[in-house]
Structure formats: C-alpha cells, structure tokens
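The following blocks contain the structures, represented as structure tokens.
Here chain A shows up in two complexes: once beside chain B, once beside chain C.
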Partner chain A sequence: MQNRNKTQNRRDIILVSILLVIIGSVFVYFNFFAYNQDSAVAHIYYGNSNDPIASIDFVNQEIKYRKQDVPNDYDDIYPIIDTDNRTITLLGDYRVDGRRQIVVIQYNFGAKSVKIIQESSPNNICSLEGTSTGKPLICLPNRIRIEFEKTYDENEPDFTV
Partner chain B sequence: MKKTIMFIMTLLISIGLVACKKDNPNDVDEAHSYAHSFAFDNYMSTLIRVNFRTSSRDKALNIQQEIHDIYKMYHELTTNYDPLSVDSLYKQNIYSINQQKDVTLEIDKELYDVILLSEELRVITNGFFNIGIGEIVDAWKSIITPEELPNIGDTVFLTEFEVYRQVTQIDKGRIYVEGYSQSFSPFDIKMDVTDLAINEVKTTVSGINISDFSIELTEEDNRYYVKISGANIKLDLGAISKGYATQKAMDYLVSEGVKYFSISAGSSSIVIGEHFQREGGRYWIELTNPIQTTTQSPGYGTFYAKNVSVTTSGNYEQYVVNNFKRYHHIVSPETKEPAHFYHTVTLIGEDAGLLDALSTAFFSMSKEQLEIWIELYQEIYQLDIITFNQDRTITKYLLRDIDEDF
Partner chain C sequence: MDKIRKLTLLANFLAIAIVLNIIESAINVIPVPGAKLGFANVVTLIIIYVYSFKDGMLLTISRVLLVSVLSGKLLGPIFYMSLSGAVVATLAMGFFKKTNFFGMTGVSVLGSIFHTIGQIIAGIFVIGSIAVVAYLPIMLFLSIPAGVLTGIIAKKFYDIWETWHEALG
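Our next item is the complex of A and B:
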C-alpha cells in the first residue's frame, strides 16, 4: 500500500514538472520572442470592428484616424488626438455611474511603442500591461484593442511615389 | 515505465525550447545585423525617412548623425527664404546670392557643385530646367492657398471625375454634391479660383523678362565664385536641392558599406538599395494615382527595382483649379505658366538629384519635345520614364526590366 502511494506521488511530481515545462516555455516565448520585431503601425480598434479608429504610423510619424461613433450626450468628439502629449483618447465601453469612461493611449514614435496610461475597469489589466512594441493590448471591459503591424508586409508595396 | 516518462519529458522540453527560437527568416551576416530607422522634418519642408541595416547600434547612430548633417548643410546652402545665421560656417547661400546681383561672390564648393549641375541641366533640357525663374514660381505659388471647406450651394470641382457640381449637404466633414449618392472628403474636391486671380498672375509673369538672365560660375585655385545678373533673376533650387541632398545621403550610406537601405524624401522622391526580405532584394514600388489621391486610394501601377532612385513630379499636390485646369507649382520657363501635358512624370535612374531636376523639366515638355530628348539622352543617363498623361493614358519609355503591371 505504501509502495503504491509512493509511486503515485512520484507520478504526480513528474506530471506537474511536465506541465511547468510546457507553461514556462509558452510564457518565455510570448514574453521575450514572439513580439520582438519592429512594428510599422499600431492600429487602435473599438468593438468588433476591424476598421481602426486610429492608426499610429511609426515610420511616417503620423496619426491617421476617423471619428468614433458615440452617443450625442457625450460632449467631446472622439478620438481626441493630443500631439503635444502624444496621446490618443477614445471612449471605452466600461461605465461608471452610467457614463462610459475614456481610455488614454500614449504613443512614442522613436521607440515605436504604445502604452495605455488611463482606463477604468475592475482590474486595470490593460494599463498594467505597460509599454508594448508588438504585443497586442486588449482592454476587454472597454472593448478597445491595439494591434501592431510589422515593418514589412509582402502583400503591400514598400513605397508610393 | 520510467523510460517512457523520461522520453515524453525530453520530447516536451525539446518542443518547448524549439518554440523559443527567434523568428528570423534570413541568415544575417554581422555587417547587416542591426536594423535602424529614423525620420526628421527640419529641412526642405520635407519628412525624410531613412531605413538601413548595419553592424551595430553605435554605427547606426553615427550614420544617422551624418545623414542629418548632409540634409542640414544643403538646406542652409540652398534655401532662398532665410539668410545664413551670423555664426554660419558657410560663405553664402541662395538667399544671400539673390540679394547681391551683379556681384562676384565666393561660395562653398558644395553649393557651387549644385549650381553647376543645374546649369548643365539647363543646357541639355533646352532651358526647360531653369533655376533663375524664382520670381515666376513665386507668382504662381501666391495663388495656391490652403484648402477651405465649401458651403452648401458652392460649386466645387470633383478631382476624380473632373466635373463641377453644387454642394447639397455637409455632414461630419463629408461633402455631398448633386448627382452623386456617395459623399466626398475635402481632399476629393477643389474650389475654383477666379479667372481674375489667374489673369493677375499671368500679367505679373508676362512682365518678367528672363532673356537677360545670366549665372557665371568660376573656379580659381580651389576657390569657387558665382555672379548672377538680370533685373528679375531669382535663384530657386527647390526643384533639385532635395534630390541632390538625398543622393549625397545615399552615396554616404554606400561608402559605409550599407547594402540594405531606403531613403524617402517626402512623397515624391526615394532612393533604394536592396530589400532585406523580398525575393531578389527588389523593392516593390507603387505609383501615385494623381486623380485619386486620398490615402486609401491605390496607385495606378507598381514595379520592382533595387539600387536606384525614383522621383515623381506631379500636379496632384499644391494646386488650384480654374476652368477644369490644375494650376500648380511646376512652371514652364518656356511659357511662364504651369504646363498641362501630364498629371505625373516618374523617372527611375541612378542619381536622385538628376531625377529631381529632370522630372521637373520633363513636366513642362510636350510629348514631342520629351521624345526628342529621350532619343538624344535616355541611354546616356540610363533613365526609365513613365508619364501619366492629361487624358489618363500612361506612356512608358523603359530601359530596365522592372516587372511593371501598368
């Protein structure tokens, strides 16, 4: 009986070790290798749409954007593009006292990076993600996501002249 | 059993470690292992974008500084808007030369070389490239004013369809016009300038006599001199300086052993080395559609090339419309007016300065005049020429195999 338990314990340890190795490998890959390539553009999406509200073009150092559809009882026009502080503000879906809250995204042309510096949500997961140069940032309660495009797309011309 | 477990563990660890391999499609030698890109817009009113690969970050930063300095120098030497600063290292610039007609002035070799090339190009283009017509260019630029949103009831010109229509509605920045269900962005329309404004400029430029212009260049004991004469002469190097500086930047990159690079000087001029990832090292270049110029519009064609310069002169930026015609900033020295033969002229060749100047000259030549030039000089200068004509046809005069799709 004792021997059986011993064998059982050993098997448990091996199983846990295998799982740790798998999880560790995946963690290391996604945090250090999967997104370490230079990005050309960061697209900011709202909701389920695949048409970005704003695109941060790191190569041309410019912001392209279209108007975000928001209800009439919100005074500001979104997105708010602040070129002095290098921020883009969208209206998220998370509500406080019935009012939708803003999500403020800060960009850095030189570092080709993006960071969510202000948002309201229960756990503030997306603002705790910190600065990203390629890893997608997703603010789930606010339904805002940021995805990166690499410097080279074989299906797109390199230049328009 | 033990062996089976050990085998499975080894297998999983191997898979895990393979997943950690960095995704790198090319075997990179050390000389090109570091990718660097930067941009600046301090000079020549142009956003300069540079991408290249070299051996290290330190080397890349040195190259960045050198390229920045090249553009800075040519900007300071060739501007006709600002005098040199009091502590400038340079002897004269175009602004100060324009202030001192009929005086022999010592200038720096770098500026001398640009003016000398410009004068050589004036000769081989039969006067279609002329850096002395700054006053005429200024007169036409004076009517190219910033865009304004129209009001309901205004008549606007739809640039894509080349028709005039009345504005019926403006909603959230979109413009609706009679006869079209689609809406237009402010970039898709133009307000007509008045006949009066056009005629005023024509009157002004007809009074500018360019026949007495002269630019004398002399060299003595490695010192360089210029003297300009003519009542209305005003030097303007805007049609060559950007390309010339870009070529110098490219020469510098090549001298540093850089093989993979691109420099884009605004939307009209690029120089390219080899592409790091594309098959055969060739860049894929798109040609701007001068009729549909909104950011989402595709170009009118593409081609592949490497180790060349590409320059487009066109009437799709900085222009006004009068009676169906675009009046832009490229002025013909022959007629003293913007020409209406082409919407764009694109050149592919080996020297960005030459291309910048020649594309400006060709823009004012008729098809017949251009074809005479091609007959005489195309092979000597190894130029590919593509024109997007006023009637929306495309004409190609190609020497290189560029796999074009237009």
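Our next item is the complex of A and C:
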C-alpha cells in the first residue's frame, strides 16, 4: 500500500512536469509568436453565423457591413458606423430588463487593431481583454466575436484562428 | 443505516459543490469568457474515490443543473460550457481512477485538463467558430495548478475520511 502510494506520487510528479512543459511551450508560442503578423482585416460576427456583420479592412482603410437583423422594437438600425469616433455599434444578446444591450467596438486603421470599448455582461471579460491585433475577441454573453485575417479575400469568407 | 449516511453525505457534498461553483463564477480567475477552472471538481473527485464513479457523475450533473437554475443561466451559452466541461472531467477522472496508474493528484490534474477541453468543445458549438481554441493554451496552462490544488485538497480529505471511516466501523 505504502509502496503503491510512492510509485503513484512519483508518476503524478512526472505527469505534472510533462504537462507543464508541453502546455507551457504551446502557451508561450501562442502568446508571443502566433499573433505577431499584421492582420489585413477584422471580421465582426453575431451569433453562430459565419457571415460577418461588419468587416474592418485595414489595407484599404474602409468598413464593409450589412444590416444586422434585430426585432422591430429596437429603434436604431444596426450596425451603427461612426467614422468620427471610429466605432461600430452592434446589438448584443445580453439583456438588461428584457432589452438587448449594445456592444461598441473601436477600430484603429493605423495600428491595425480592434478593441471592444463598451458592452454589458456579468464579468465584462471581452472589454477587459483590451486592444487586439490578431487574437480573436469573444463576447460570449453577447454572442459577438471578432476574428482577424492576415489576407483579405472578399469572395471567400474564410476564418482563421 | 449506511444508506442513510451516504445519502446525507451526498446531499451535503452537493451543497458544498454548489457553493464552490457559485463562488467560482463570482471571482474572475481567468480572462476567458464563460470558462472556469473547475474548483468544484474537488467534490466530484472526492465522491469518485469515496463512493463510486456513478455517484460522482450524478452529483456533478445535479450541481451544474442546480447552479444554472439558481443563477438564472439555464440553457444559456455558459450552461452548455459548464455542463460539457463538468461531464468530460468526471468521465476522465473516473477512467484514470480505474486504471490506478496515477495518484489522486494526477487524476485531479487530468480531470482539470479535460474540464478545459470539454468547455472549449462546447464553446466551439456555442460560438459557432473555432476561434475559441485561441483560449485553449492559457486555460490549459492555468488548469494545471488548479488541478494540483484540488488534488491535494481532495487527498487530504480522503486520508481523514479513511481514518474516520475505520473508527466508525
């Protein structure tokens, strides 16, 4: 019994060490190397759709968008594109008092970056994530996500991780 | 008598697991939407060792259901992630406990890793995009210390339980 415990303890330590090395290197790779290249475009998606509501084209410095389907009792037409403040406003899925709340996304053509500056959710994880130049931004309670692409192909709405 | 004792203990464990789960969702340990490190798994691990895999699975599913009812998130996106993570973790812990190759800490770490994987898989479906995988490295990395911690706590409890149980007969 005591012997068995000892062997298992040793195996546990080996297991943890191996996992730390493998996952540690994957983690370091992802954090420091995977998103180093400049992105050409950032797509903003709503729900499970793979057809972006809006695309921020960093190369040609323009915004392409299509109308977001929202119920009739919401007054504005989404997305709201504000070129002066460089923001795009969408209607998220998170409800406060039964009303869906907006998600405000700010883009920067020069830095090729995107940032979620306003949203309502229990923990505000995606707005706390800050500025991103390649890492996807995901607002789970609002079902809105932003994904980056290194090359822009208009015909093929492909997505990369 | 034994049956009643078991039932009472399981009910107590369920209550502890629910509280752990609620505390865990209130504190933001990781910068990943809807994801948790699975500290409530400590109770599942203990039950698997003290009673059986079946009891552990039953307790885990009840915990996830009750927590989502209590927090009003039933059938929301986060619910599916919690459920998938918890079930996959329990399956993994049950399996690795049965092989008897690793000790409690090892089983706990593996459970923690599978908890993360289960959540991410559900996340892919909830979000509808594999973009969620970008969060996998950081979550896996954090789940190792979390797994070690829960493993040590569970082991401590299990040792006390063994002595206590022998004393009771």
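Note that the second predicted complex is superposed on the first by the 142 of 161 C-alpha atoms of A that agree within 3 Å, B and C clash if a C-alpha of one lies under 4 Å from a C-alpha of the other, contacts with A are read in each partner's own complex, and residues count from 1 in each chain.
Here, a residue touches a chain if its C-beta (ideal position, glycine included) is under 8 Å from a C-beta of that chain, and two chains touch if they have at least 3 such contacts.
Keep in mind it's a predicted model, so treat the numbers as computed, not measured.
In the superposed model, A:G24 lies in contact with both chain B and chain C. Contacts of A:R100 after superposition: neither chain B nor chain C is touched.
Using the contact criterion defined above for the overlaid structures, shared-chain residue A:K115 touches neither chain B nor chain C, since it reaches no partner.
In the superposed pair of complexes, A:P141 makes contact with chain C only, with no contact to chain B.
Of the two partner chains placed around the shared chain by superposition, chain B is the only one that A:K64 touches, whereas chain C remains out of contact.
Common to the chain B and chain C interfaces on chain A are residues 11, 24, 26, 29, 159, 161. Listed in rising order, the residues of chain A touching chain B in the complex are 11, 14, 17-18, 21-22, 24-26, 28-29, 32-34, 36-38, 59-61, 64, 67, 109, 151-152, 154, 156-161.
Residues 28, 31-34, 76-78, 101-103, 105-106, 109-110, 113, 123, 126-135, 137-138, 140-141, 144, 148, 151 of chain C touch chain A in their complex. By the touch criterion stated above, chain B contacts chain A in their complex at residues 5, 8-9, 12-13, 15-17, 19-23, 35, 37, 39, 41, 47, 49, 51, 172-173, 262, 264, 267-270, 272, 275-278, 283-288, 295, 299, 302, 310-312, 346.
If you check the complex, the residues on chain A that touch chain C are 5, 8-9, 11-12, 15-16, 19-20, 23-24, 26-27, 29-31, 45, 47-50, 123, 125-126, 128-129, 135-136, 138-141, 143, 145, 147, 159, 161.
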